[in-house]
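Labels run A, B and C following the written order; every chain starts at residue 1.
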Amino acid sequence: MELKFILESLLFSAQKPLSPSELREVFANAAEQEDADATVKSLKKIKEGELNAALEQLVKDHEAAGRSYRLACVAGSWQFVTQPEFSPWLKALVGVKARPGRLTQPSLETLAIIAYRQPLTRAEIEQIRGVSVDGVMQTLLERGLVEQTGRAEVVGRPSLYGTTPLFLEYFGLASLEGLPAADELRKIVVEKPPAPVTADAGLATNPPEQLQIPEGGDQKPTDAATQTS
Amino acid sequence: MELKFILESLLFSAQKPLSPSELREVFANAAEQEDADATVKSLKKIKEGELNAALEQLVKDHEAAGRSYRLACVAGSWQFVTQPEFSPWLKALVGVKARPGRLTQPSLETLAIIAYRQPLTRAEIEQIRGVSVDGVMQTLLERGLVEQTGRAEVVGRPSLYGTTPLFLEYFGLASLEGLPAADELRKIVVEKPPAPVTADAGLATNPPEQLQIPEGGDQKPTDAATQTS
Amino acid sequence: MSEYKVKFEVFEGPLDLLLYLIKKEEVDIYEVNLTRLAAQFIEYIEMMREFDLEIAGEFLVMASTLMYIKSRELLPVDQQAQLEGEEDGADPRWELIRQLVEYKKFKDAAAQLQALEATQENVFPRVPVKLEFESEKPAPKPDVSIFDLLNAVNAVLKRLEKRDNTRDIFEDKWTVSEKIEYVVRMLSSRASVRFSELFEDAMSRSEVVCTFLALLELIRLKQLVCAQSEDFGEIEIKKRVADVVVTAPVSPTEPDSQPQ
């Protein structure tokens, strides 16, 4: 397997420009994988010189191919970029797919619940928000801010949702640890009723009572905020 | 400016797979932009036929180039994907793809029957497999790979099942036409032998030649997918 | 013997077992000796009985079909019995072979799907770096996002921590709806309230959180708006001009707590 093709596939799939040292890290990590074969292991400690030579070769390859994109090195990091003459359509593409303004309040709230409590089911989200989240979830899924991350091991095996890397990017967060007040809001769930788990379809965990906001005025809110530590 | 390069730059830059209708929308929107030049305007109402021809050409181009990625059509939408042999490094870069567990043998068999013969009833599936498919169908429905598509116009009006777009995505298929050995499996027209096969007691049965089935030209996959209502 | 036991468990059904037996014979399905196949099949069923394995009904049905075929073949063609409902000239051997061929094809197709499934696990889509046009027009920031609010609440919590390190031992008595009333009350007499003011009297973390959730709920119900003049600046909370009366979430309250 030619080194340049491996590099090409990496730069092709990376969501951000990669520096030579990041690329070397990928080779090192790949070799650590359980099922790493001889080829993968042999590239564990690829030399920076080899790497750069292969990258240069790639640049030449793509230049010669004369396609609508090329490989570029910007500020020491490598990425594929499209040729400028296609910008009228690319602008239109961004327009079509662009961030459509800011998120609405219901979307933000739902997103926040997912961000802090992931993974969780739609039913759990609705339990917390007290209203249906169908439309909102649709928006969030379409915008790639949340995704299905698996299925809850309860009756009906409902989908579990979590945030995507795009979510982090959108809000400029380095990781989920970077969520504001993360500790506090994550902790607020805590108390699980000691009662036996009668599988309530769609509820993977018990609803965090403290976050239930009553919808109807007559409805007494559940005893809020019992704190555990 | 060649159409295929514009398409290439779009698919190269898109955050998600694009369908022909989304692509056409991009061309239309690009022509609406204030600074749209003659070329951009001329492509405003690009025909779907032209679009598809250019996409097919692109697929061929990239196949011929033999690089680490290719252009793929999955469930009717187009995207660039990497070749599978680079997965050790890609896994190290982006992490293992979040996919539910692999399908079991009974699930795969049942799914194959549904995929090729849809729409069909549970009883018809069981007739082919020779065993009950209750549990398996449950799994396939829950995983969203098959769905109820209607009801058969027979006694009891049993449910008819078919595959979902997720099925195509899961197996990386462009459409149901892309199913392996589709022609052979889609419809086996059963013709009876012209005369009863005579065989001496205890001797090997004569092969019923009629099983080398004449192709059922009448039943196209698209027809199979259309609902009887 | 023990080999059989293991084998039984992997057969998906009688057709699967028959295909296995045919494969073992190394003959084409069309050329298989059905009489011998029937004998082997029944041998397997017997074996399953001996091992006390549960035999699915489908296996027994198949066994009887095979027995029938076997007995039928012992007779000359003109004396072969016609099963009730069996079409004139139908041959049960042919029917079984047709079924086997069909099943075999789907089994092969399943194997191909399995290969596709494995391949797909290793196919990665291109997820490009976001197009740079986006930076040309940065999203305007007219409103305060929930994350700004969360940032703010975090700050409040931190302050609280500094003020009181001891853990609350008394039971928290705050509810979100009480806090909704509290916020509404504060805004009934004034045009706006600073975010931090809402938390000034908070005694515990849970109280802060309740107040915060009350705030979110009021925003959700479009009773309040938040505004922030600069990033990380103080957030101001105002009544929404259009609708002043809080409806849904407030539990029955004294009249004087209602906004006028």
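The rule is simple: a contact is a pair of C-beta atoms (placed from the backbone, for glycine too) under 8 Å apart; a residue touches a chain by one contact, two chains touch by 3 or more.
Because the structure is a prediction, the values reported are computed rather than measured.
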item: Neighbouring chains shared between chain B and chain C, ordered by label; value: A
item: Top chain pair, ranked by number of contacting C-beta pairs; value: B-C
item: Most centrally placed chain, judged by C-alpha centres; value: C
item: Chain whose average C-alpha position is farthest from chain A's own; value: B
item: Inter-chain centre distance, chain B versus chain C - centres from mean C-alpha coordinates, in Å; value: 23
item: Intercentroid distance (Cα basis), chain C paired with chain A, Å; value: 17
item: Chain A-chain B separation of Cα centroids, rounded to whole Å; value: 28
item: Residues of chain C touching at least two other chains; value: 124-128, 130-131
item: Multi-chain contact residues (two or more partners), chain A; value: 9, 12-15, 80, 90-91, 93
item: Touch list for chain B against partner chain A, complex; value: 1, 5-6, 8-10, 12-16, 22, 25-27, 29-30, 32-33, 35-37, 40, 65, 67-69, 80, 82-83, 85-86, 88-94, 98, 100, 142
item: Residues on chain C engaged by chain A in the complex (per definition of touch); value: 124-131, 133-134, 139-143, 145-147, 150-151, 153-154, 157, 167-168, 171-172, 174-177, 204-207, 209-210, 213, 216-217, 219-220, 247-252
item: List of chain C residues in touch with chain B within their complex; value: 12-16, 27-28, 30-35, 56, 58, 62, 73-75, 77, 87, 89-91, 93-94, 97-99, 101-103, 105-114, 116-128, 130-131
item: For the chain A and chain C complex, residues of the former touching the latter; value: 9, 12-17, 79-80, 87, 90-91, 93-94, 98-99, 101-103, 105-106, 108-109, 111-112, 169, 171, 179-181, 184-185, 188, 210-211, 213-227, 229
item: Partner chain C, residues of chain B touching it in the complex; value: 12-15, 17, 69, 72, 79-87, 90, 94, 97, 99, 102-103, 105-106, 108-109, 111-113, 115-116, 128-132, 170-173, 179-181, 184-185, 188, 190, 192-193, 195-199, 201-205, 207-208, 211
